[in-house]
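In order of appearance the chains are A, B, C, D and E, and numbering begins at 1 in each one.
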Amino acid sequence: MAITTLWDVAYFMATALLGLVGRIIPPLAAPLGNVDLIWGLAALVFGAILLAASMINTIMLIWFERKMLGRFMDRRGAMHVGYAGLLQNFADGLKLFRKNTFKPRDADGLGFYAGPTAYLVTSLLMFGVLPVSTGWSDGSLPLSMLLALVIFSFAPLFIFISAWSSNNKYSLIGGMRSAAQMIAYEVPILLAVVAVVVVSGSFDLNTIVNEQRNFWFWTLPLTLAMIVFVTGMLAEMERIPFDLPEAEAELVEGWNTEYGGMLFAYFMLADYVRALAGSILIVLLFLGGWTLPSYVPAALTSFPLAGIFWLMLKTYLVFGVFVWIRAALPRVRTDQLLRIGWMRLIPLSLASVVIAAAFVLVKCVPVLGCVPSMGG
Amino acid sequence: MESNPEDIRAQLTAAGAVGVLAVEPFDGAAARVKFAPESAAALFQVFRDALGFTHLSTVGGIDWVTRYEVFYLLWSDATKRYVILSADLDAKTPHIETASPTWPSANWHEREAWELVGIHFDHHPDLRHLLMPDGYQFHPLQRAFKLHEPEELEVKVRHV
Amino acid sequence: MSAVAPAAPLPAAPKPGPVVGPGGELPVVTNDVTFVEIETLRSREFLPAAKEALSAMLKEQGESKLIRPVFNWAGRNSLFPLHWGLACCAIEFAAAFGARWDAERFGVVPRSSPRQCDLLIVNGTVTWKVAHKLIALYEQMPEPKWVIAMGNCATGGGPFRTAYSVVPGVDKLVPVDVYIAGCPPRPEALLDGILRLEALIRERGE
Amino acid sequence: MAADVEQKGRSKPENPFLIIGKPLATAARQFAKSLIRPSTIVYPFERLEDPKFREEVAIRSGRPIGVGQVWDNYRGVHALNVNTCISCNLCAFSCPDLCIDMVTVPGGDPKHPKKCPQIDYGKCSYCGFCSDACPEGCLSMTTRYELSTPKRAEMVYSPQKMFEIYQRKLPMNPIRLERPANEDSILLDVPLCIGCNACARDCPTECITMLDIPKVAPKPGEKPAKRIWKEPVINDSDCVRCGTCISVCPKECLFWGTHS
Amino acid sequence: MSEMWINMGPQHPMTHGLWNLRVRIDGEMILDVDPEMGYLHRGIEKISEDRHYNEVITLMDRTCYVAGMAWEHLYIQAAEKALGITAPERAEWIRMMSEEFQRLASHIMWYAAFVQDLGLMSPFLYGMRDRDLILDLFQAYTGGRLTYEYMRVGGVRNDLPEGFPKQAREVLDWLEPRLVEYDRLCMGSDIFRSRCDGLGVLKESDCVRLGVTGPMLRSAGSKRDIRKDRPYSRYSQVEFDVATADAGDVTGRYLVRMEEMRQSIRIIRQTLDWLDHHPGPVIADHLPRWLGAPYAPVGREGYLLKRNYPKGVGLSAIEEPHGEACAYVVNEGGEHPYRVKFRSPVFANLSACSHYLVGYRVADIPPIMGSVDVCVGEVDR
């Protein structure tokens, strides 16, 4: 059996594991051979691999940001812990794991502990939905894109819960800003996605990616939608210039002011999980996902794990752009942020939908020799 | 830059200022004007309105053991010069009328002079501690207040 | 006693006994023992619990020869100092995080909230007015935590130790792990102090 | 005359599409530059006080890193040459922070124990007044700055410890203060002097000699003055102006002044 | 949401020092502010009374730790007047150059801190990097990075070392394009402009009334600059322009400071040219003993009092990087100054803060207070 997808790996491991158990305890061999049981175990293994991969990727993303930001700032960034500071974030995580976790006296216990946990868990759910390559996830979700966006928009709820239950004024202001900001930016993001749906004709991320084999044609009608989506994503990820909820200068550390130790690590991790997921989403929706334009040599796409390689490369490039923006731009103010959201981005996203629809109507402009196959 | 007490004296006379005791030359300022503390409020108005000293640089006090001195450093944008006002105060209960209605910037300077030197400013809008904690009872810039090397000192933290 | 109780004859001689301001911010002087009264909302609650939890955790780790060195390595390689500037040394503290010295190389990233810090760098003169705030900040930091007294003012009051308002050494208020001499210390000296603290943590096996 | 910066600075960005273009371009240029060599000094391995390193880095990065070629001027820890110290106390006198104590070191004769400075680096403000005041040049400041210690007591440097630093031959602060051309000298208020020899005994440079002066016969009706008929003569060229004699004089008859 | 008081400080990223801004807010709007100072009150004026004239210099560097040279210059001028001593010509020019270098370093430090408050991270590091070059120059001729102890009553400690003018010009050549870069990072982006335009407005008449000086005053349209109006040192012999703006807002202060940096570079170039061609002594010939270090101590405490030494009062005013600073030194003939009184510009600028904060938003506090350039060391002294 050729192992080409993550499912295959998981199935193979589950089979081997159950086979081993059956070999050791022969009476169990027959009931363990049940296909449903193997599939169930395979799903667990699949989840574990996905979780580990996404966590390691997230930590590498933090390292990537620190090093790149360092170069933007004419310095080196973490470099003495591990080779080139690769182990720095692992040290940070372990240290925070060891730190004493406590609850301020007047904080609300349930919200204080549940908020960050739920924030991290819902952020990690994203990776169950986002396909990373052909066959590397369950492709049977017809509305996977909508599901991804829904999971993405859970965050303000949990941020607000943890901010309120910290019983700190800075946290509360930060939480309110966060809620206002995320709700304001949901709308343009969804409208920009409508443009994608109009062009691709599907809510399934796999289909959307496959539609983008005509890469150059794809970018033309969706340039505006992409700009809107990336701007909205910046706000959703709470990165500079839209990192008002954690605005260091006025709100000490924003909504995580009262958090230390592992709960703070949850917040940090979840932030970067969201950044990673958001970057992958941008790549999937606009930059071709794991595919390359159809005219590139086949050798570039045929080596093992090529799909994941291209996807991650694109993801890190997109994240690099975010780091670049962070290095060069100041933070905006709340009212300006909301004004940008409601008065600039929403008209722009509506316009992008109209443009996309017009392209679909005209339907057959061959660009660079590619004949679009639109409408799903 | 040059000290010019005659000019100040002439202008003061023209403005009808009362309570001026002496106008002395002073290096770096137009003059040093000694005045009686009772006529402070009126004199401040004269200096601001008639002589054009619109900017109050600072207010300071000096403890001369037998008496206190309070001095005001004023600057005029029109003539580009400083003038020093100075008044001798009683050693027992040094007090003078506040300058903050005339120059709002005097507010904090007077608070500082009150807390460090111990000169009381009558009718000051907000005469409370600025640099030292509330309830501090000493006036450190008085001559009687001596500094000494800290000895070994045990500090205990008590939670309230 | 430093200058909080001058023996000088003053017009309004203070009555002997505790001198307490409304905010309880003054050091109280009784028989050569100075109390700093602090009003910490949260620290009192969590501090005993924190100490207990930490000692339990350390005990647990002590039994495991594998885990403890790993956590020690993590702890000493990721010291987050509190982003707090007191006086002159704060400028050199900032310079150490500037492009030329870049303290982030060692994993030292300043955080603004004491909850997320491991390291309190006292970079400047501590006055009696700020003493109780300093203690409160120290107590808000979760265990394990360390203190660096940067510069002479934090070490022993420096040139201002004779003044009436200055605490002659921050070790009177919080336990200090490493002293850095200098007035102010160069950024390299601060980095040297941080490296010294890392060596100290490794030595102590915290 | 006044440069009104309002007009220059406030003009709107020319191209509305490039509202964030300029900072992004600037950051990108810096990124490209520092990919080759950021201006960070990898401190424990590269040190600014190493001139070779400074040159190398400046050439590689194309910018003036650590321009101070006279880096040796830095005022760090003191180095003390115990052998040439004359125990004149000048360093302790001139210290504004009163962090220098004169402590006895072995090597003096029992009558006049040799005293050398001991510096508390928890109080020192590194102003350099002591090394400026040192007449023999035995106390000088080196470029060493790494002084972190877990123990407060270790910050007090004894003369021996500073002598060890001296023996390491670290770069010393090369700028030495020249003594002013016509300094004040120590003058004697002759009628007040009782000839007690205290100044000559304590003078660190032994530039005071007690000379006999002719006895003056008491005036009729007066008792003969209780006076040892000697008075100090100070050799100005050897005097280091430490003021020890002024401090020990019981009658306050020595003072600063000019001979004219 | 109802009104509430929040404490910004003494440990808060906005404060850049040790003070507490109590703010009453309604939602995000500021209704009232109440600054609480004194957390860094070190009694410098009192300690000065126990020190010799030269020994006060060590305190001056620490009074304002971003502008040590300027405060040394301020104090030295007042002390020289009080003691009746004049410094040689070359020393005056070196002092002027030092003050301008200090202004440059202080303004760059301000820039770094100010943009960091706005969330711009990289200019902070660029600023610190470029400021370090100026500090290197200081170190080359004074031996200290922040605390110089360089000026003495009657001159300066030592002459400039060999090769210094060349290095100084190299640094200025490096800095000039950097200033353009700073401008591109800030004024080049619309976000920065929208954060700063029309914020913290203080009109010229209000500035004068409230004692606000320095770049804050000049950004409101006034041309008051002590260097021009009442030239001290040798400022009458160099050419420079006074930077002014009209609006009196945060952008105006930014523009004024950026222009001042350029003017400082211009002044430094002129002083370097002068210093190249005029060698000479840097310290006065004959100095009295009671100055204290380093010209030997005065012996027993108080022994000078029985002799007749000149008395006097010295007043000096300089244009410090933050504004108008004054010193008032009373010499009563002892070896210590009888009373030293300083006027700190930030003290006055901060005392007016309710006038330029109320009515704006919480998010506006960092840029507004950043544009004031708070240095708590000189406020509390």
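To be clear about the criterion, a residue touches a chain if its C-beta (ideal position, glycine included) is under 8 Å from a C-beta of that chain, and two chains touch if they have at least 3 such contacts.
Predicted model, so just to flag it, every value in this text is computed and none were measured.
Connectivity without subunit C: the remaining chains stay one piece (groups of touching chains, all others kept in their positions).
In terms of the stated touch criterion, the partners common to subunit A and subunit B are C, E, listed by label. Note on connectivity: the fewest chain-to-chain touch steps from subunit A to subunit E number 1.
The chain with its Cα centroid farthest from the Cα centroid of subunit A is B.
Centre-to-centre separation between subunit B and subunit E, using Cα means, comes to 23 Å. The distance from the centre of subunit B to the centre of subunit C, with each centre set as the mean of the Cα atoms, comes to 38 Å.
Remark: subunit C and subunit D have CA centroids separated by 31 Å (rounded to whole angstrom). Residues of subunit B in contact with at least two other chains: 131-133, 140, 145, 147, 149.
Shared interface positions of subunit C, defined as residues touching 2 or more other chains, are 98-100, 102, 105, 112, 129, 157, 159, 161-165, 183, 186.
The set of subunit E residues touching two or more other chains comprises 12-13, 38, 41, 43, 46-47, 50, 58, 62, 122, 125-126, 129, 147, 185-186, 189, 191-192.
The full set of touching chain pairs reads A-C, A-D, A-E, B-C, B-E, C-D, C-E, D-E.
In the complex of the two chains, the subunit D residues touching subunit E come out as 1-6, 8-10, 13, 19-23, 25-27, 30, 39, 63-64, 66-71, 73-75, 90, 93-97, 125-130, 132-133, 141, 173, 175, 177, 180-184, 241-243, 246-247, 252, 255-256, 258. Every residue of subunit C that touches subunit E in the complex is listed here, in rising order: 82-88, 90-92, 94-95, 97-100, 112, 114, 124-125, 127, 129-130, 133, 137, 159-160, 162-166, 183-184, 186.
Residues of subunit C touching subunit A in their complex: 41-42, 45-46, 49-50, 53-54, 57, 70-71, 73-75, 77-78, 98-100, 102, 104-107, 111-113, 115-118, 141-144. Listing the residues of subunit D that touch subunit A in their complex gives 20, 23-24, 26-28, 30-31, 33-35, 38-40, 42.
Residue ranges on subunit B touching subunit E, taken from their complex, read 1, 26-29, 54-58, 60, 62-63, 71, 73, 75, 77, 80-82, 84, 103-109, 112, 116, 129-133, 140-141, 145, 147.
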